[in-house]
Structure formats: structure tokens, C-alpha cells
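Paired with chain B in one complex and with chain C in the other, chain A is shared by the two complexes that follow.
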Partner chain A sequence: MIHSTIDTIAHTNRLRHIDTRLKVIFAITTLLITVASTSPIPPLLAFIIATILILFAAKIKLRTYLLLLLTPLFFGLVSLLLMSLFFGYADSPLYSFEILSHTFVVQKEGANMGLLVASRTLAGSACLFFLALTTPMTELFTGLRWLRIPEVVIELAMMIYRYIFLLLEEAERMWLASQMRGEGSFRTKIEVFSMLASTLFLRTIYQGEKLFVAMNSRCYDGETNSLAYQEKKTKISITALFAILLFEAVLAFVTILTRNMVLI
Partner chain B sequence: MNIIDAQNVTYQYPDGTKALDDIDFSFEKGSITAILGQNGAGKSTLLLHLNATLRPINGTVYLKGEPLAYDKKGLHHIRRTVGMVFQNPDDQLLAPTVLQDVAFGPKNLKLTGAEIKHRVDEALRLVGMEAYTDKPPHFLSGGQKKRVAIAGVIAMQPEIMVLDEPTAGLDPRGCAEIIEILDELNADGKTIIFSTHDVDLAAKWADRIYVLHEGRIKKHGSPPQIFADHTMISETGLRLPTFVQTFRELKVRGISGGDSPLTMLNFVESVSKPFDVLKVRCAVAGTDVCAGEKVGLVMKDGMVCTTRVDIDMNAETTAFGRVLYNAMAGEDIVVGGITGTLTQKNGNIYIVPIPRVIEGGSRAVDLATIFTIIAEHEPLKIGAMGTSAKVVVRKAGIHCDFDVDVIQSSILAAVRGLNVMVFVTGGMVDRVIQKIECHNKHSVQEIKFSSVQVP
Partner chain C sequence: MHIMEGYLPLIWCIFWYAVSAPFIVYGVWRLKKVVNEHPESKPMLAVAGAFAFVLSSLKMPSVTGSCSHPTGTGFGAIIFGPGITSVISIIVLLYQALLLAHGGITTLGANVFSMGIAGPFVAYLAYKTLRGIAGFNIAVFAAATLGDLATYVTTSIQLALAFPAPVGGIMRSFLGFSCIFAITQVPLALIEGLVTMLLLRYLLALKPDVFSAFHISDKSKLAEA
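Up next is the complex of A and B:
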């Protein structure tokens, strides 16, 4: 399962022990600048940098990364295609072709807008993949707490993270069990699926009840931030922080320089 | 003194099933009690009454003589006194990391940061999971999850630990480790109450057993009392412990006699002749037996056994081996034409106390002294019992022959004539001595034991 793979990588990669806050600052700031950019150049630059960090600094396998990248790449290409065909003014055709006696015209503005969207998609995904692949969720929670995200949200996220794996396992077991008892027609398959989904839902509620009993047994009162325990208090490396900020400044500067610049 | 008492407890689930039907029970402080029964007997329901998760529709549960109070303040008090470990650790482990999960309880008790840290460290060291603090539970094995679940309860420092099926779903080693952890907690004074349908576990480990059947208590008493009632056992859908069953079959064949054994040690003693080590004083000077030579020993009644002779020509010939001869110590025998006297020789058990985790544990021990002690006594087998003793042995890189069922294995080895050294964690020393003394009282083969203090 790809979920557990990401989780395992996050625990074992080379950048695992870099301070979470640095990684969060890098990923979020780069993401924001990328989204704010009006030219595809800064997003492409950010994409390249994030990819280099993922592949060479964190030593993530190329295959894993490409597999993950496939989804945003697909969306990026589809939006590039559609936008270049249906956006823009009719007076700036770049290229035209005919399919079944219907003429399709690729417009300049549309192509540029498509490129911008595609590059932002790639860059944004790369930033988030960087965070997801190098930082275990457990440490991300620490980062979120440091960013002053409300404690309720973090505690809920923590329990969701904990139980999502149990739910996945349960779903997998139930699915396997249904498979082992033979394959049916398309109709029965749909029926089996609906049955599995509803059973899974009921089991989730049941699991929730058991969890609540277990929490009460350990004196849970709903008032304390019971999961907020952290032992380590680390200091951010000033050099690393400075390097990241410098990179972000350069990226922001490039963004301003390339404002409204187009590739085509 | 009873720490928990209950009278006329009846509980009915909302769907109408009567899970408990007018039962009385009481648990003695510092004891280990098993609630034994088949699936659906009401074991879990009973346990959930002990920490006031369920409230009886009739009857009262008393904690240290006070009836349970089901208001907010009362519940808080009950739940910090009675710790509950659930059957499935996944129902209990809710935090994303081991550390945060163990800290969950202490955090709810609103302790200071330093106190939380202290308790969490101690609990994790006691269950041997201190190396896994940052791991998410889904990266752990079943046994490890169980240990973390127990640590989460230990960190709240309850006086009573209630465990629902503590060994269910664990491999044999995992089971033994959990039992040892609980044994250590019990040695430190905690009352242990657990449910199980494993009759062998209840027979060898519990001080008292309650047999629950269809919501009623069929019988309660010590393990020998419970397993002497064969009718009741089969009526309640249970079975006799393996050793009791085997013993019964041997008894009707006239192979063994006496009381029904509940542990392997008792069983072995009830069916076997003592192991002896022969010391043969040479009656004839200048015999033609040489050191290291294999000889056949011919006993008085004509039985023969082969053994290697460890010989000191000037004084005594010692032959180690199993002697297939039912001779008592002091009896004269003939060995290969040499007349000798059979002397009984059992091994010694050297008990080396190691400080408990709360007293500094393995950190308080100088490993060099461990080697000195071993060199001095030259034990043939080494055992380690309890968390910090195990850590000491592991740190010192000593091969440990017995790390589960330590007392029983050590006694069996000593009976075979081997010298055993056991490293025992603080509070458990008394238990070891008690078990050996109990053995000496009931067995013809007395085992010598001595405490060796680590300087």
C-alpha cells in the first residue's frame, strides 16, 4: 500500500532528522510564492529545486517519486491541453488541426495560461511531496503546534492518523475475505462493495466507542491537551534557516522580475 | 485485606442479556487473581465493573471498603487506582507515537512536566520499550503494542491492574514476557486481576481463581482447589491443565502418584526418579579406569548405564550421568566391580539481586563486577528475571540460558546437578527464594541457594 510506503519513507529518509519547522517553512513559503507567481518560470524553478532535494538530499528512489508525481503530472497536462484549446482570443492562433472535420485552434493566451497552471500544479505537488516524504506525520504535528494551529484540530488529526491505518487494514481484510469467497457478476460486485462499505462504517463507529471507553479508563476528561506531550525541545539551526530564507528571497525576487512574463 | 469487594452484582445489557447474575467476589491486596471462563461467560463485563465503566443494575462494588462513586470526581479517583489494559492494544493505543501514548494518562492526571517525563521513562523501561519512543504504533508487533499498552497504564501508577485476556493473540515468547512484566509489578505490590480462558496460565500463575460460567461464579479458590473439581471444570466448558490431564493418565497406569501437579516442575517430580551424581570412592587402589574414559556402571540390581568418568585417582571418582538406578543417598552400590557410596549432589542456585528500574536499574550496576561474580562461581547456566536484570545481562553480553520461566528452569537445572546463577530484579528476589524453599519442602532433593551481592 502506497500509504504505508510514504509513512515508512518519511521515517527512514536522509532528511528525517532536520528540524520539522525548517521543512515546514521551506515547503509552505515556496508553495505560497509559487501560487502568487504570474509566470511559469518561478514555479518551474521551485519544482526543480524541490525535486533535487527529494532525490539527492533525502535520497528518495526515483521510481517512488515518479509514481507519486504521475497524478499531478496528469492533471497538469490535461489542464494544459484544455486551456490551450478553449481559452484566449481568436486572433492569436499558434497552431491548428482538424479532427473529424472540426477545426481545433491552439491559442497563445490559452497555452500560456495552461503552462502556468501546469507548472504551479507540479511545483505545489513537489513542495508537498517534499514535506510528506521527509517528515513523519508525528513530527508534522509538532510543526503544526508550533504554527499555533488550534489544539483540537491537532488532537483530532493525531487520532485520525493513528486510526487510518487500522481502518485501511480492516478494509483490506474485508475485501480479501470477500474476494476469497469467489468472484461474482458486475452486479454482485457492486452489491458486495456496498455491503463492505456499510460494514466498515459500522465498525468505525464501534471502534470509536471502544476508543472512548479506553480513553475514559485513563482518566480522559476532554479538557486537558492529553496528547500534547513532547519531550524534545530542539533549537532551529540559524544557518539552515538563513539559507532557506535566502532561497525564498531569491525566488520571490525572480517572481517579481518575471512578472507577467510568458514563455510563448 | 481485600482491596476490592463486590456483593450481589447483577448486570444486564440494554438488549436484555443478563451478563452477570447476582455474583459476589473479592480480590486480596497484592494477589494475582484469574477470572477463568469460556467465551461469553461474562469475564469482560465483570472486569469493566472494576473501573466503573459499567455500573451494576443491582448490587455494589467496593474499592478499599468504600462503595464506588459514579460521579465525575469518584470516577477520576477509581480510574487512577484501577488501571485497565484492554484485550486488543489497538483499541487502547490512540496517540501517534509510543511516547505520547504513554504520556496520555499522566497528562490527564495533570502532573508536572518533570513528573510526566519521569513516569513515562520508568514505565517504558519497565516494559523494555524505551528504544521505541518515537515509533507510531502501526510499526510495532502485537507483543510490542501490548507492552506499550501496559506501560500506558503503569505510568498512571495504579494500585490495581486489571487485564482483559493479557496473553490473547501473542506468541509463546510474547506471552511469557508479558507475564514476567506483570509478575514484576506484582512483586512491587500491585494487585493483578486478569481474565483468561487459558487454564494452563491460570493454573501456574494465579494465586486465586474465579470460575465464571453464564454470568455466575461456579467456584473460587486456589488453583489446586479449582482443578481438583473435575466435574465443575467440564461443566463450565473448560478443560484441565495439560499437566493435570497427563498426570491422571499416568496415575491410572500406576506410573506416578501423590498430589496432582499444576506446573512442569511438580509434574516432573511426580513422575521421575531423582537425578543423581555418583561419587565413587575407589575401594581398590590402582584400578584400571582412566580419566575421561567411558565406562559402564553396573548397579547392584544389574542395571547398566554408560557414563564418562571424571577421575582423580588419589581420591574420588566422580561420574556424571543419569543413573538408571533407584538408589537413595548413602546406599552402597557396585560400579564396574568397584564398591562405592552414592552421594546426592544437587546444583546450587546463586541469586544475584539487581536494582529495580525505580532504583536506577541497570545503570546502577557496574558491569565489571558481574564478570567477577560469574568467574568466582562458575555457573553452568545463567538466567535473568525481570526487566533490569535482563538489561544487565544483555549489556554485559552474557549468554542467557533462561529468560522465561526462570525459577522453574533454574530449579530443574539444579536438580540435574548444574550450578545456576540467576540475576533477579530487586522486588522479585523474595519470590525466587520462596519458590525454592517451597520446592525444598516438598521434594526429596534439596537445592542449596545463596544470595550473591553485587558490590
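Up next is the complex of A and C:
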């Protein structure tokens, strides 16, 4: 299953020990510049850089990365197709073809818009994958604290994260068990799914009860008080920070430069 | 109905974050209140959030053969109320973006608004209105179905606002987007309604006192169903 793969990779990749702040700054800034751009050039640039970092710096397997990229690629291509057919003025056809005596016209504005959206989706996903594949979720919680997210939400988020993997295993087992009994009619499928979900929910509740007992026996009073997590005092590498800022500046500059540019 | 990372232009990313913010603040306020009154409900809410994540990663049987997941928003809204459901769904959506590559960080605001706010609030209203008139089963079915439909209409509006058609404007692209989604989303909403109804019925049959663990829902009404 793909989620456990991402989580495992996040703990074992080559960029694991790079300061989390650097990775977050890189991913978020690139994302923001990408969505702000109005031509496909900056997103493509961002996509190439993020891909190089993922494949060569973090040493993620090409197969895994391509598998992840399939979804944004599919969405990008579908929106490119739809937008080029349905967006635009009737007087700027690029290409027209006929299917079943209905004429489809590929329009200029639509094609440009579609290219922009497809490239942004691809670049955005690459940035997201970079963050997801190189940084374990537990380290991102620290980031949430800096953002002054209320403690109760962070605590909830951490507990949810803990239980996701336990429940996934349970769900997978139950789902397999139901599959072993063979395919039924649509009606049975719906019933089986509902039963599976309700049983899973009940097991979840028992887990929650057990968790509360366990926490209670350690004097839980609605707060998890612990000594502040002593992070190893790491210095942000100045060279890396400088390189990232330089890249973002170039990307922003390219964005401004290509502001009114259209490809087609 | 996740909007992919990078799909929305910057201005709309910011806009939807801003629109969602007051609802999330309200949700956090509700959450704090519930957790202060009943500390034991916090682990319960956590496992329920994990349940929502797992539920959404399971494939539901679907007629069209397309990949379809239950959103669980109707279920959450009925049991926890819409405010807390919003907070849980923003956490779950963040995990979906990072662990499953569904949705994204820049589009998180928009996705939270459609799936964590519009869906649950509509579902909750539908449930409250129909509960007394039409009975428990129909109310749950309608709530989950309408919640799903509200999510899908909201997503279409979000996409139409960001990508208005050069000819015909926002209205035209709204019709375009919603027609494309209708093919998969309307059957999906009906199935989710059915599944949610059966799910709650099985739950109440297996363990009628299960909802007393949450201290949030109007359990007396659920118990008599």
C-alpha cells in the first residue's frame, strides 16, 4: 500500500537528516511561486528541480516516484484536454476534428490555460512529494507548533497519525477476509462494505477506550505534559539556505519575466 | 472531491483559506470545550479521525467502475456535530495530501471548505430537520447524500470561480464542471447515503451505547432510533 511506502521512505531517504526547516522553506516557497505564476515556464522549472532533488539527492527509486506522479499527470492531461475543448473564443481555433458528426474545436485560450494548469499541478505535486518523501510526519509537528496551532489540535493530529497505521492494518485484514468469500451482487457489496465499516468503527472505539485507560494510568488529566523535546542544536547550513533562496529568487524572477507570455 | 495541488491560482488559495478560517476557529473552540468537559473524549476523537482517514482510503463499491471513496462527512457531522468535524477533516486532509497525494497544501483551504465545512454543515442541517419528520433512517440517508452533493457543488463553484469561461463566464464553467462531476458524484452520493445509513444501523444494533462514549451527539435521540 502506497501510504506505508511514503512513510517508510520518509524515514530512510538520503535527505532525512537535512534540517526540516530548510526542506519546508524550499517546498512551500516553490509551491507559492508556482501557483502564482501565469505561464507554464516557472512551474516546469520547479518541477525539474524538485524531480532532480527527489531522484538524485534523496535517492528515491524512479519507479516509486513515477507511480506517485501518475495521479497528477492524469489530472493534468484530463484538464488540458477539457480546457482546450471548452474554453476560449470561437474565432481562435487551433485545430478541429470531427467525432460522430460533431465538430470539436481546440481553442487557443483553452489550450494555454490547460497547459498552465497541467504544469502547475505537476510542479505542485512534485514539491509536495519532495516534502512527503524526505520529511517524517513527526518532524512536521514541530513546524505546526511554530505556526501557533492550538495544542489540542496538534495533540489530536499526533494521536490520529498514530492510529492511522494500526487501523489500516486492521482494515486490510478485514477487507481481505471479505474478499476471500467471493464477489457478490451489488447489493451484497454495499451490505458487506457497511458491515466492514461499522465493525471497524467498533474496534476503533475499543482502541480508544484502551488508549484512555493507558493514558489515565499515567495520570492523564487532559494534557500531555512532558519535558520539552530537546532537539539536537543543529545549525541551518548557510550554504544550503543561500542556495535555496537563490533558486527561489531566480524562480520568482522568471515568473515576473514570463508574466504575459503564452506558449501557443 | 479533492482539488489537486497546484490547480488553483494563488489568489483563490488565499481566498479559500480565509473563508475556512472562521469555521475552523469555531471548531477549535467547540473542541476545546468538549475536551475540557470530558477529557476522555479526546482519544475517542483521535481514533475517530484515524477511522475517517482509513475509511476514505477504502474503495467503495461503485457502479461506474471509477475509483470512489466515501467522504464520511455525513457520518462525522451526525456524531460529532459540524464544528468538530471541520477540525478533524482539516487534519485528515493534511495527511491525505502528504501520505496519499490526494489534494494538496495550497488547495487545503478550498478542500477543507468543500469537504470539511460545506458538506458537514449541510448534512447536519438535513439531519436535524428530517430527524423529527421522516424518522432516523431517512434522515441519515438524506444527510449523508446531501452532504456529499453539497461537497460536489461547492467544488464545482470553486473551480468555476478560478477558471471562468471566456465566453459565458463563471456560470458556464460552473455548468461544465458540475456536469462532468455529476457522472461520478451523484451515484456516489447515493451510495454513501446508503452506506452511512446501514453503518449507523449496524452500529446501533451491535452496541447501542457506543455513542455515549462521545458525550457530544444527542445520544438520547440516537439511542431511541
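Note that in this section the second predicted complex is superposed on the first by the 243 of 264 C-alpha atoms of A that agree within 3 Å, B and C clash if a C-alpha of one lies under 4 Å from a C-alpha of the other, contacts with A are read in each partner's own complex, and residues count from 1 in each chain.
To be clear about the criterion, a contact is a pair of C-beta atoms (placed from the backbone, for glycine too) under 8 Å apart; a residue touches a chain by one contact, two chains touch by 3 or more.
Fair warning: this is a prediction, and the values are worked out from it, not measured in the lab.
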Chain B versus chain C as contact partner of A:Phe242, first or second or both or neither: neither
Contacts of A:Ile28 with chain B and chain C, given as first, second, both or neither: second
Touched partner set for A:Phe253, first chain B, second chain C, both or neither: neither
Partner chain in contact with A:Leu211 - chain B first, chain C second, else both or neither: both
Which superposed partner A:Gly124 touches (first chain B, second chain C, both, neither): second
Which of chain B and chain C A:Phe56 touches, first, second, both or neither: neither
Touching partner for A:Leu202 - first (chain B), second (chain C), both, neither: second
Partner chain(s) touched by A:Leu167 [first = chain B, second = chain C, both, neither]: second
Partner chain(s) touched by A:Cys219 [first = chain B, second = chain C, both, neither]: first
Chain A: partner with more touched residues, chain B or chain C: C
Contact residues common to both interfaces of chain A (with chain B and with chain C): 7, 137, 159, 161-163, 166, 207, 211, 215-216, 220-221
Of chain C, residues touching chain A in the complex: 4-10, 13, 28, 31-32, 35-36, 39-40, 42-51, 53-55, 57-58, 60-61, 63, 70, 87-88, 91-92, 94-95, 97-101, 104-106, 163, 165-167, 173, 176, 180, 191, 194-195, 198-200, 202-203, 206-207, 210, 213
Touching residues (chain side chain B, partner chain A) in the complex: 48, 51, 53, 72, 75-76, 79-80, 83-84, 86, 88, 90-97, 99-100, 103-105, 107-110, 116-117, 120, 133-134, 136-139, 152-153, 156
Footprint of chain C on chain A - complex, ascending: 2-3, 6-7, 28, 31-32, 34-36, 43, 68, 71-72, 75, 79, 82-83, 86-90, 109, 113, 117, 120-125, 127-129, 131-132, 137, 140, 150, 152-153, 155-157, 159-164, 166-168, 171, 175, 186, 189-191, 193-202, 204-205, 207-209, 211-212, 215-216, 220-222
Complex interface listing, chain A residues touching chain B: 4, 7, 11, 136-138, 141, 158-159, 161-163, 165-166, 207, 210-211, 213-221, 224-229, 231
